[in-house]
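The first chain written gets the first letter, and so on, giving A, B, C and D; residue counts start at 1 in each chain.
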Amino acid sequence: MSFAMRMKLADEILRKESVKDLYINGEKNGFEFDVQLAYYRGHYLSTIDEIGVLLDGEQIPQEAVTFEINGKEMPLYKLPYAVTEFWSQVEPAKIRVLKKGGVEAGDHEIELKLMIRVPYMEIGPDHNFMPLDCGDKATVTFTE
Amino acid sequence: MSFAMRMKLADEILRKESVKDLYINGEKNGFEFDVQLAYYRGHYLSTIDEIGVLLDGEQIPQEAVTFEINGKEMPLYKLPYAVTEFWSQVEPAKIRVLKKGGVEAGDHEIELKLMIRVPYMEIGPDHNFMPLDCGDKATVTFTE
Amino acid sequence: MSNIKLGATLFCYGTEYARGQYDFEECVKQAAEAGAEGYEIVATQMIPSYPNVSEEFLGQVEDLRNKYGIGPVGYGANNDKGMMVDRNLTDDEMLADTIIDLKSANKLGCKVMRSQYMLSPEAFERLAPYAELFDVKVGIEIHNPETPCSPTMRKYLDVIKKTGSKHLGFVPDFGCFSVAPNKPQWIKALKAGVKEEHLQMAASMRYAGVDIEEARQKLMEAGADPAINEALQGMYGFVQFKPKEALPGLLEEFTEILPYCFEMHGKFHYLSEDCVEPSIPYEELLPFIKKSDFDGYLICEYEDELYCGGTEFTKRQLQMEKRILNS
Amino acid sequence: MSNIKLGATLFCYGTEYARGQYDFEECVKQAAEAGAEGYEIVATQMIPSYPNVSEEFLGQVEDLRNKYGIGPVGYGANNDKGMMVDRNLTDDEMLADTIIDLKSANKLGCKVMRSQYMLSPEAFERLAPYAELFDVKVGIEIHNPETPCSPTMRKYLDVIKKTGSKHLGFVPDFGCFSVAPNKPQWIKALKAGVKEEHLQMAASMRYAGVDIEEARQKLMEAGADPAINEALQGMYGFVQFKPKEALPGLLEEFTEILPYCFEMHGKFHYLSEDCVEPSIPYEELLPFIKKSDFDGYLICEYEDELYCGGTEFTKRQLQMEKRILNS
């Protein structure tokens, strides 16, 4: 599938001002950020076909990333199965990334890959639905 | 699998005193009741292998039954997929049954069929886990 | 004698809502100010605890009814057949989900629910007793490129007639009566550098029923900017259009399903200051409905393809509808 | 020199908790009154927002610490490999879930987490850097019928040695040192009508290593009540036992893994008023640990097979442990 819909209703999907260091036992050991669902309606998390985080182009291991909505912090692997977890388009999800020692001071590019199936737009047989690219990237400055 | 574990820690799984008529637009059109998870710990709903309700031995259509925990009222078909919905053993679920005209006055037997896989007790290869029978039945009196 | 009430779907303010410019209250307020007598709520868009309605949200809905004088009259359901990771939902499952929607519609006090044709005719048929139980009328939306009596819609018509249920019917979306190109796509293409002559050429080919691939090739040969592709896709997709001469035939189809309509979507894509929708023939449609026995809400529905917000356009749409209906 | 702290798992009060006789606070209070210096919490049993720890629950835990003087010291994790409908979780998935457990353990201030061998040695190995990040030591529980150096446990020992991580280790459950039949099952069988002589016969065959099917057949031939089957299943299952002569060998195995133990489960099934566990050799085990370099909590753990509640037994167990350790 080469074509994927995009619907960037809001300027920022990945919210720059939400990017923060993540602390464990008082020390920087990762980062977190908020992301809004880039569509005019909400979706069950089970419509997520692909999700992942890259820092400066490098893939973060899936087990080190969590996704939180509705007060539930979930491992990424569960999202495509989460048929009862509805993501409202006006409630940003919080993505948390574990990274030993945190992110070095300076500019870094954070990328979220996020592909969704639009579950009421069937475009072919055999479970074929309109793909929606909800990914985004942003360059942010981390401090000491 | 002929053997299934039972762990009726509490006397009543299906709580008799919780059985009530269900009203739609002011008229009796079903019934509801609470059920506790019959095990010493909670489980993800995705461990449910089988669930259904019978009234006086007659199966209620699956689409007419819902299961509510954590403020979410869900159709039965979703339960075996609900990998992020955790059912605490001390928070009863509410089962709601749609039935046109409600239940006639008099004694009736309500049965809940509920089979769960104990997900940390592997008893064989190929996704074979200890079956747990969490079902129950109760005879209750409905009034006019 | 018709009894047409005018409403708006809060979906009109979808852009403002997504950007955090409007919260739910502001959407209701704007719909009231635009002149809507009631609103449709797209459940997946604005119900915080979707698919269930919490007591908290219900309380807010009632507060806003007291404050602005309007409440929900239509429940916009989606039918997410593709929501599971590895397979389509079965009819049993689609039915079960739609019953949850019925509960929520009923809780909100909506007497009408819009469903989509992802709900199969077979599941729709099985829904009838439940729709009756909750006293919520469920209408399959007839959305462009479908027309009132296109083969797919005819299957639902058969079900409605077969069951004889007063709780099954249609919600025609006026986009299905488009007889001219979609204005926003035209504007977007021009902005993207496409020449007007090439857009005209594309529209002519569409009127003439030329195949999309052939049209694309001819446009490329004529030197059209590749940015024309999005507009072309639209002309053959969800905003396609027929020649004006097709209108009598469409109205004939409309006549056949009208007895089964209890809500309509007054779709619009653009309304200049003179309040004319360039692609949808409101001057013909509204008098036609006025003469009919239709009793229900005409819900105006702005599709914001320009991402410019629906506030001003929705006011114009309701003005336009009133003007035509009162003339 | 050992440094043994005495704790209790709130699982001891599982029956009272399930019946609504005790809420979470009462469980903590009872553990404190029984003399525990800290408690283990089985996450799937008592964390309301499992697998996450809410601020609300954390607040309650801190309130109870102030009120009763004890807090959580061990996090009992389950490893639900079979939680998905149609397949087992992969190592990647088991690892991801266990990291969520680490977060929750850390949030509760637990320095030790009990895991189960459903978490494969390979996933356990990959857990090391995360356990270090959160500074939570993760121990695989050695549960009857496993023994400290049984083939399965040896695989984890290899991983612990290979990684050299101070954050990977074992939590031996003393049930693995059983050298006599389980008392509650004996009691239940007698109540169900089984004759004592048939239970004795079953135990003798178990000691002698007779195969379960052969044992069952011999018991039936001897006229045993079929209710003996549950007891027999236990004797060959999770509450199996070895002859007393096997104890030195077991303690030798224990010696090999002791450097990697940072928590132990003082399992008990029954404690009469004289405070003796009929199947687990505490008189030998506790002096053995006292002489070692073990530094951590000995968490007493009542397995309530009689559904009679653990309140009284847990008090006795802590008395018994203190008596032996202080003698």
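One rule holds for everything that comes next: contacts are C-beta pairs under 8 Å (C-beta built on N, C-alpha and C of every residue); 3 or more make two chains touch, one makes a residue touch a chain.
Quick caveat: nothing in here was measured; it's all calculated off a predicted structure.
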Select, from A-C and B-C, the pair of chains that is joined by more C-beta pairs in contact.
-> A-C
Starting from the Cα centroid of subunit D, hunt down the chain whose centroid lies farthest away.
-> C
Between subunit C and subunit D, what is the gap in Å from one C-alpha centre to the other?
-> 60
Compute the distance, rounded to whole Å, between the mean C-alpha positions of subunit A and subunit C.
-> 30
Using the average of all C-alpha atoms in each chain as its centre, how far is it in Å between subunit B and subunit C?
-> 39
For subunit A and subunit B, what's the span in angstrom between their mean Cα positions?
-> 35
In subunit A, the residues touching two or more other chains are 46, 72, 74, 81, 83
Which parts of subunit C, given as residue numbers and ranges, touch two or more other chains?
-> 84
The chain pairs that touch are A-B, A-C, A-D, B-C, B-D
Of subunit A, residues touching subunit B in the complex | 45-46, 72, 74, 78, 81-85
The residues of subunit A that touch subunit D in their complex are 24-25, 29, 62-64, 66, 71-77, 81, 98, 100
Give every residue of subunit D touching subunit A within the complex, in rising order.
-> 49, 52, 54, 84, 92-93, 95-97, 99-100, 103, 106, 126, 129-130, 133-135
Which bits of subunit C are touching subunit A when the two form their complex?
-> 11, 14-15, 17-20, 42, 44-45, 48, 50-51, 78-88, 116, 118, 307
Partner subunit C, residues of subunit A touching it in the complex | 9-11, 36, 40-44, 46-47, 80-81, 83, 86, 88-90, 117-122, 127, 129
